[in-house]
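Shared chain: chain A. Partners: chain B in the first complex, chain C in the second.
Up next, the complex of A and B:
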């Protein structure tokens, strides 16, 4: 019964605030409209600097083929390797393709030749993918030449293995399809993590928490009254996210909405509980903000949101097992793109249950009525 | 001057006495850099592979062994039936299924060519592109080995050199990024909060009626954070050089100079926020939402600015961290000197002057 009054108080506090309601509504909209555009690792329009020492028919054919591949833009022709490197240094080009003298002659004569690809890989994704693309184009060109020199029926070369890739779940390799479901998780983390983290500690700073401490309100009731409003807000944010994903990106989950909401319910509980626990341990809002910021950064970056979990070292992969974000992100992507059902995602579900229990248990235990 | 110093001392004591916050301010950048530097790599590795081997012959088993031996793949399951592929993907147990058709080796020997199907979970487009390429190269390597030596191979050997970051370490991207973010966090957020708190608790009045001119009150507030940021800069650089092996390849003075300008800029931003925000929460939300997120997303710390749509690229020009991060990357990783960062330096200085001017114009020395 007392919970009802406490909840009423929390909701009034939220909606009488000048900032909070606006942020709760505006933030998901803006974030989902802008983030997917920015959070884009798609590699295209790679600026290529060409050093052609050969200037033969073959080399100019290779260059035409590269230009036609669609990934590259010829940014410059450099006379030698040094000036090509300086164009990478000054950020005019991303990659250098160096064709050695005698490239065309060797190719037709001895059948083998080589080129040098130098990629700026300060940004690992761009460097890695860009050089992989370029190697692919060069290999394709070599195949073409082979066909011309040995005009055998396709595939009849001795011992050739043809690989046939089939791209499942995201056949057009759209980046948004992968990012948008995961970004909704990030949104929930920001809103349902930060607001509770600031909540209890702000009552501490204002001194109003004393008034609660002297009442017979129980620890769990108090925590529950702080938790439930964010739970509802989180579900609202989630719904806004689902609508935007449908309207703007044309993304509809292949799996059931029920599964998504089920996971969201658990996840919000877990992350809000975490926020409340941090709030209990902090003395000032500044501290709470910093600690929360630290954990949110770590949770986000080490959850597989931006970089695949499988490329992390063992110990880092182990940390994803206690990271609620990684379970929810995996579940969201599976439901959205692969149509996974609840049965497929049982391990993630149980793990999130455990996270929610631990975090909220911690939040209840760390709340002290005495100072 | 003496008055100013005593004010700065007061602020420093404020910070030093709050042990927990201090620990956070100094420890957080180190923890983040170490964690991200070691954990996050964009190299694709250990992709989980399932094998659907309908051929069960020497060739298919050999390719499977080659895949497992490569550091890019890890064979996690053997399937019996094509119907098992779908559930496997749905539970996220594997990212790639390699299918050998019945009679794989025979057709390789008889017809001279055979087919391998690679069914990829393309949820993550870049990763899928990369591991498909790796798997193809494992298969072709096997084919080449088993070619009769007489057949003249026609091929172009691409020698790939990954400049500056041959191991594609994430740390090369994160050290500049975390620097750019921490400075903003420490300077902009902390200064704004400490000024606003002084106003909230009412102690600002006491300071403003003191004989010290208001501008010095504010400068004294900034001084300790400037100091703290310099300590942070030093520790982050030391950690990145000695722990993460990310060297300072270029000129250290250039790096320090750019960082100083950036710290000043962050302090100016903090002052500006404090003139706008009325409460601590508002100050945090403004600096958090309006500064931190754009920095993380649009500054090139995580995502390449060039792949963004033109409008966002345009916006990103207005984000100071973008220029700072670009300059740090140039100096630290590419090993360039002063000349190369002159443009960034000029832009950052210009922004600093602008923010200071606006902040001073808005700053009220009177209490309403």
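Up next, the complex of A and C:
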């Protein structure tokens, strides 16, 4: 069995490398402990500049309510809109709330009134989310006032539609619940994509591949010997990820671990095969690194990892269909949050099978023993 | 019986004819010197014979197999030592023997005893578990050669096996070649050292992709009225129009 000797060699090389075993452990820890907590879309401490032309009981109640929401900090009280805007320009405030004269009177008298919200949208996420939060607080306040003036049993008011969102699967919209399973996929992509991509080409640079090419080693055997170590490393990384998700975020998949590992096995094969194919086509490690970087960036951003696939333009959605990441991320989220089983995920399973076959077929064919 | 036979073996890279219609035979057990200036096409020809490069035209048989159609059978029957050191330097001496022994199908039970035998021959026992990267160049070359003949191939190809080492190490290296030849292994070697050319049973001299002379060193010297192989080489290489790389 030639494969046995080749695998022995690969493992020795990996464990003797001073850098690789450490990064294989450090990477999942950093990615899963830091990213979900620090780099998330939650917006807080929005600096709000207030322009209160009303100065009534109602307006000061509204301001107290906004402060009590916990998302806003009152940065300044401005006398007029112009000076409020200059406070935004000097980056003293993020948003402006303008309460017009007669706000309290109109609200109590007619049940309607107007306020103006302006947001600095240089950071679009902060601007959008901030103004949505603020509108929510203002609307809540208006309801409160209405209730006080015309008390009525809940939901019985004429002509009023009350919407009560029921969020399924992730009821508190926890960012970690959605991101941690997807980040595990990103981790596998980085580790099991990049390491194989650098492997074969490093043998080319050192010249050792020539000594292999002159032997009767079969092409598939050689590729398999490169694939299997990363397969095991990937499953190890996946396990570390599952443990961190459980211990740090209290995340336990609703579905079965077996389904997760089944998808992980397939996905690692696909992405490592892709890495090996890139390695075969490259002449230097630098080349392999750049090409891989390009693809991994596209794979990550176009996979639904950060932004939902369903809101991408048609053509972009079409590209996600050949992106193995998108299938695995979907599967991971479904198993973790919805408790989906293998039967529910058959389309993703078949798609990943196809990816794994194509990538590894490509890796074997692109390995040339003869020039 | 011939171990290597070529017939109009040619390799072109675009318009450049690196190897031009080679016709020669090497007999079993022979030590065959494959000489030529830099860029004369020696390495290219050798890579074709080892199945690392596909000929543009012409054919060759190595150890009885066609290099174009039976490449993998050729690879099983030969050993190869490349110009650039290409063993795994993050493995130990013994591990390199084990890896290549295993790849060439040496039974796993035999690998340890053959390894010891080889280390004995090289006077290398103390370095059995040394990482290859910490060996001096001369030792690395002897190790490469031993690994190339570890699976007892019919023919071994050596591409400038003694480049960059001192005369004593080169001398010792050639003793290893003779020992291998005594055991029936055909040796096909390129070299730039003309004293080494004198050690060969027969030598060919390549100029601009073609073989200009092929005979025993004694007869080559006689034909060119030269006192040494060095003189023969200079005589022939002067005709070259191709610039060395």
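By our rule, the second predicted complex is superposed on the first by the 353 of 371 C-alpha atoms of A that agree within 3 Å, B and C clash if a C-alpha of one lies under 4 Å from a C-alpha of the other, contacts with A are read in each partner's own complex, and residues count from 1 in each chain.
Note that contacts are C-beta pairs under 8 Å (C-beta built on N, C-alpha and C of every residue); 3 or more make two chains touch, one makes a residue touch a chain.
Computed from a prediction, not measured in an experiment: that's the story for all the values here.
In the superposed model, A:77 makes contact with neither chain B nor chain C.
In the superposed model, A:166 lies in contact with chain B only, and not with chain C. Contacts of A:8 after superposition on the shared chain: chain C is touched, whereas chain B is not.
Contact with chain C, but none with chain B, is seen for A:217 once the two complexes are overlaid on the shared chain. Once the two structures are superposed, chain B and chain C can be ranked by residues of chain A touched, with B on top. When the shared chain is aligned, chain B comes close enough to touch A:88, but chain C does not.
By the touch rule above, chain C contacts chain A in their complex via residues 50-54, 71-72, 75-76, 78, 80, 82, 84-91, 95, 98-100, 102-105.
The residues of chain A lying in touch with chain B in their complex are 19, 23, 27, 31, 34-35, 37-45, 85, 88-91, 107, 111-129, 131-132, 134-136, 138-139, 141-142, 145-146, 149-150, 155-171, 173-175, 177-178, 194, 198, 202, 283-287, 289-291, 293-294, 297-298, 301-302, 306-308, 310-313, 315-316, 319, 330, 333-334, 337-341, 344-345. Within the complex, the chain B residues that touch chain A are 18, 20-21, 24-25, 28, 31-32, 35-36, 38-48, 87, 89-92, 95, 108, 111-130, 132-133, 135-136, 139-140, 142-144, 146-148, 151-166, 168-170, 172-173, 185, 189-190, 193, 280-282, 284-285, 288-289, 292-293, 297-298, 302-304, 306-309, 312, 326, 329-330, 333-334, 336, 340.
Looking at the complex, you find that chain A touches chain C at residues 2, 4-6, 8-9, 12-13, 16-17, 206-217, 369-371.
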